[in-house]
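There are structures below to look over.
Paired with chain B in one complex and with chain C in the other, chain A is shared by the two complexes that follow.
Take a look at the complex of A and B:
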């Protein structure tokens, strides 16, 4: 079946080449049938890559270790869910996922735009197929998902323990959906410039795809942060890691684009800016993919061994050069139709918001790519860390939050100073009340955090005022009860109020970030059973150690297994059994922690660290069973007001425990893991009889949950904003109703 | 046996691809009314593109009129400012409708070929 996969890739390459030629021929000669054929080539590409993906997926589910990717990232003992998701755990599989998702989303986009902006869509089709051809070429010539080994190994290496987390398996499809969706506005942007049609119809088409890209990228970034916090043992959710930044960059430019697009839609302004933003977003998405796939920058995500750097650099260079060429040569048609009427206007606020977002992009771009540039110029590795990023992004984030409260309070086109003053009374009052409450509560350190809370108060006041006044206006016209009026108001003005909800979500998220990073209590220390530590207002006591052994063979049917079971039964506290937590760990050592506050029990936590098998015979018959990279399994008690986060690093390097491993390595054969597991069981028993001091990382962070809640509010608000309006509002007016243009708008508002 | 299955599946995929991709080209030679899209009769029509653009502009203008009234009713615009802006927007909307009407007079057969907006 690997041959079928390879045939599919080659066929896909041919289809891409055909589709590019047919689309360009069709649009240049005006022969629509060829453009249509080019569009259908995208559909065909989606079909072919679906077959290819299915071939690889089936290989994983059937444990076909003849496939190199299956052998490298899966094993017979890998749980089925993780097997299915392990397809994209490898470089080759992730490239296939990328190409497949791009073909699916592109097919949907072209299907939805069939019969509209034909000339633009034809060029966009050619560009999309160009991307498809690029990624498929990588798979054909560099990183082959269907490469096989004959004879097939009997067992695979298994999934990287860091990826054995449900969120982590959904994160790549979400992120890749975001990345691939970014290429669609890019393609339509370039298509519009090539066809010389950057108009209202183009805006209407591109807005949906830009939003979808923003939506999925945002979810992907949030899931990644959640994984980092819940799974990795460092206790944070954002470390300004290179690949995290690379996913954030197109999201920021996409956010700027969604705002400034409204200005172009209403006023015909910022055409050059918008086109540049959409091209930059797509290019940044490709650059993000480049960072993840090339291993150029040191990151937990960049696990690709092969370098695909050169092809990606060429593609990015072509994209940048092509974008600049198109914008410069089409600048006449991008000339603005109007100017901003007033600095006290929503247009001005959106423009300021754009400048801040792009400022953030430049800061993060420089900090992320600086190591690469520095190394290229000086030959020395260097890096910028979180303090550098925080120094520049925090003030910009404060301005951004403030602007998200200013924009809703002022009108489009112009607002009088007196009116603006009146509209800002409530938001400013809420901000001042917030400040007073913080000062009275004794919070007077961390000025940036206090500024963020006050800005958040400003935004809540501003947007709360909008909802209040909107409901009041609706009730005055339609005489509805307040809840009914609220629902109707949001339903009839989805973009506006959905956007307001997104702003609320962003602010809630920033409040969580500010609080958790500024007022966190942290402790790293060694504890023995019975000892406790105070972290903030909480006392965390190490009650007792835990140990579990999970052999990956049927322990009941072997001599070694029976001995293992006997040892387990004689040692209370050590559990033996199947890997029900699906961690894949051979040995897990942990602790029971009792968390109290002012003497009152709050939670019981069970952090542990898993020790995994490696494939290194040099580590010995027993050593290799626990010689892989240990992975911390964090224990967390989450609440609306605070999180208690704990991680443990047990010490298995004491002389007593090392003696057991060394003796086992000397006496037990490598080829019989069952006997090695007996030694592991003995190790666990010895650990439990007299647990050595373990290192603990304990954190109490306020308002971490607000980050995830804020993200969910953003998702909800985004869905409301993009949901199609009721058909009555979109009803076409015939040409004969031109005299009712004003009346029609009044009726529309009455219905609103 | 597996090799045979692979060959059959590969051929099936190839035939499906050729069928899908060539459909518009085959429809060019099909007589009207038999089926398929009469693509050969439809050229990339500048008038159709202009009409679609004007309709999108019109929808955006209606939305802007509605937003402006909402701004007024929620206290962001004074009555004087609202009257001025609303008047401008309505005039712009009428101009768009005039242009649509002119386009309709010039090309009475032109219209949307695909699904409607939204």
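Take a look at the complex of A and C:
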């Protein structure tokens, strides 16, 4: 199996080298068959890497611990669902996922663009295969996913419990899809510059892929935020961590590009800007990958002590130098066809939106890489924290939200006073009404949050007005009912109205961020059963402790298993597995919390902490069963208006509980975990008889759900915008039908 | 004003604004930044009242909770000097002895006080402990 994987990687490397050579030879000599062969090399690469990925996936599912990466990130006790996701928990597996996804997306891109801009596509093919070759080389020479150990270890370390969260199954593939899709516009952009074909055609060809990159990257970032909120036990969703920022940066430049390309399509302007944004987005995606893998910055996510930094630095340097060279040498071709007629126009609003987004990118890039910059300039490594990021990003976000309401309503070229009055009276009125409602409702503090709510009102007014006018016009023309007219309006102009829905989603998301970060109530304290704490308007009472024991082996027919069952039966309150979160925790200790507001019951919450086994013999026969990573299982009462978020850190370090573990370590053999589980059950019983004070983290945050809701609206709007318009589908179908009809007629003639 | 001159003026104004904003950004980043120090560097350089980012590994058998305060020691990655920290606030799940942590601290008297909610631990999804395969072969 491992040999097959290694052969696949070597073959893939050969295919990359061949494809690069064939594509460049084809485009330089004008021999289309060689360019076509290069394109087919990308398809072959996708096939080979699919086999390689399948080999690794099967190794995980079959618990083949001869594979080092399987032994390091999986175990027999890891639930099957998470075994499948464990492939991308390691450095090697995630590199393979990157290369595989890139080959799949590139194949799709080249398939859909076959026969169009052949010379640009040939250069793009060579660049794509260059990226493929780079990542495959890393796997061949540095981080080998198919490296094996003989003899195979009997058991693996197991997937880190923090990653045993359902969205981790899709978060990395989404993020990596975004990253890899970012390289496709970059490849075509460089291809257009190399082929000296910088008209709007290459922009039209890559538009959908730029949008798909933005779409997947956005989903990946949002899922990461959700994981952080629901799993990491700190109650936040964004910490300005270096790796989080790295994923946000290409998303921001991608957003800028999706807006500015409309200006190039409509008016032939901003060519240098657009090509620069495409190149910057691709380079930032590679930099994001580099940041995670080099361990160059201290991050909660960074791979530690890896050796991939130097190859990535070389690649990034080549990309930046190549981009600058190409843009500078082709600057005459990139000269704009028109100029902005007025600063009060849609072009100017889009340009301002771009400047704000690039400003955000600069701020975040500077803050993220500041430790390296400060060390280079002063010899002392320093870092900036979240307050520094907030100081700049909050005002820029406000401007951005405001512009997302101005852009759709303002006229192209030059807006007149009458146009401004006609289009902005309603949005301004909605914003003022929002302000009045907030002031009457007693919301006086937090000026930035109030400003964000007012800007959101402005955008809702602006976009609502656009929908209203569109529906009214359709109803007047086609005499349709309002819902029918609305659906028809969106169907007929998916890109425009899908974009508006995306704007609505982003604004809903920003409202959630502003409200939850400004008006949050938090308490962190120790409580014993019966005690309560007040958090905002809510009272949270610790009713009683809970404990569940989940043997991570088939104990039914063992002596230990029977003893365990007997102990469990005699100890009311302690339950025998499976663990409530189905993550493979050996022991879960938690609490029943009663949440009330003004004396009325609101919710009952069950936060717990899972204790996992480790494969560390020095921790003892009992100690190792709970010696792994403890993980909070957060309990949430989510609502449209507020979230009640709770986490518990039970104390199992009391002398009474430690004595049970120590005694078990001394008397029970390491080789029989079933007997060790008896001691764990005894520990759980002792904990339940007299629960020690536990640490609680309690948060009441308003409108957190709006963040996830906003994200879902963005996804919905994005799908509408990216879906082919009915006319385009018809056009494609009719072209195919004509081609088939033509072929049929030719065959008929030949037979005749 | 002719259009070409108008464009030049606009460009100069825009570039001036960009330079001013960039200068403000750079200045504030240096003034707001906390130096990242290892425990041995902190012991040599720390001045009372100033914040530092302390990076290192949590020393074995050093973690103890005293009510809301979590006491632990952070040692140099290569071993050697260690600094005791009294910390309050959220403790990330991956926090444990032997893990790499980053915490913002301030010297108060002879003690190092951790800034509330500033403790972060390297995510073990990427942080490699000694893998089973290496244990096996060693």
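Quick note on the criterion: the second predicted complex is superposed on the first by the 711 of 752 C-alpha atoms of A that agree within 3 Å, B and C clash if a C-alpha of one lies under 4 Å from a C-alpha of the other, contacts with A are read in each partner's own complex, and residues count from 1 in each chain.
Note that a contact is a pair of C-beta atoms (placed from the backbone, for glycine too) under 8 Å apart; a residue touches a chain by one contact, two chains touch by 3 or more.
As the structure is a prediction and not an experimental result, all values here were calculated from the model.
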Exercise. Clash or fit: what happens to chain B and chain C when chain A is overlaid?
Worked result: fit
Exercise. Centred on chain A, what angle do chain B and chain C make, from Cα centres, as a multiple of 10°?
Worked result: 130
Exercise. First (chain B), second (chain C), both or neither: which does A:411 touch?
Worked result: first
Exercise. When the two structures are overlaid on chain A, which partner does A:470 contact: first (chain B), second (chain C), both, or neither?
Worked result: first
For this session: Figure out whether A:649 sits in contact with chain B (first) or chain C (second), or with both, or with neither.
Result: second
Problem set entry | Partner chain(s) touched by A:11 [first = chain B, second = chain C, both, neither] | first
Problem set entry | First (chain B), second (chain C), both or neither touched by A:366 | second
Exercise. Between chain B (first) and chain C (second), which does A:481 come into contact with in this model arrangement: first, second, both, or neither?
Worked result: neither
Problem set entry | CA minimum distance (chain B, chain C), superposed complexes, angstrom | 21
Exercise. Which residues of chain B touch chain A in their complex?
Worked result: 2-3, 6, 9-10, 13-14, 16-17, 20-25, 27-28, 37, 39-40, 42-44, 49, 52-60, 62, 64-78, 81, 85, 90, 93-94, 97-98, 100-101, 104, 112-118
For this session: Over in the complex, which chain A residues touch chain C? Could you list them?
Result: 65, 68, 71-72, 89, 91, 149, 151, 153, 155-157, 160, 162-163, 232-235, 239, 241, 292, 298-305, 339, 359, 362-363, 366-367, 370-371, 374, 380-385, 387-388, 391-392, 524-526, 615, 629-632, 649, 651, 653, 695, 697
Problem set entry | Residues of chain A that touch chain B when the two form their complex | 1, 3-4, 7-8, 11, 15, 18-19, 22, 27, 30, 32-37, 40-41, 43-44, 47-48, 51, 112-119, 197, 199-201, 203-204, 265-266, 409-416, 418-419, 422-423, 466, 469-470, 473, 476-477, 493, 496, 724-725, 730, 732-733, 735, 738, 741-742, 744-746, 748-749, 752
Seminar exercise, completed: Listed in rising order, the residues of chain C that touch chain A in the complex are 7, 21-22, 25-26, 28-30, 32-36, 53, 55, 65, 67-68, 88-94, 96, 100, 102, 104, 117-118, 120-129, 131-133, 135-137
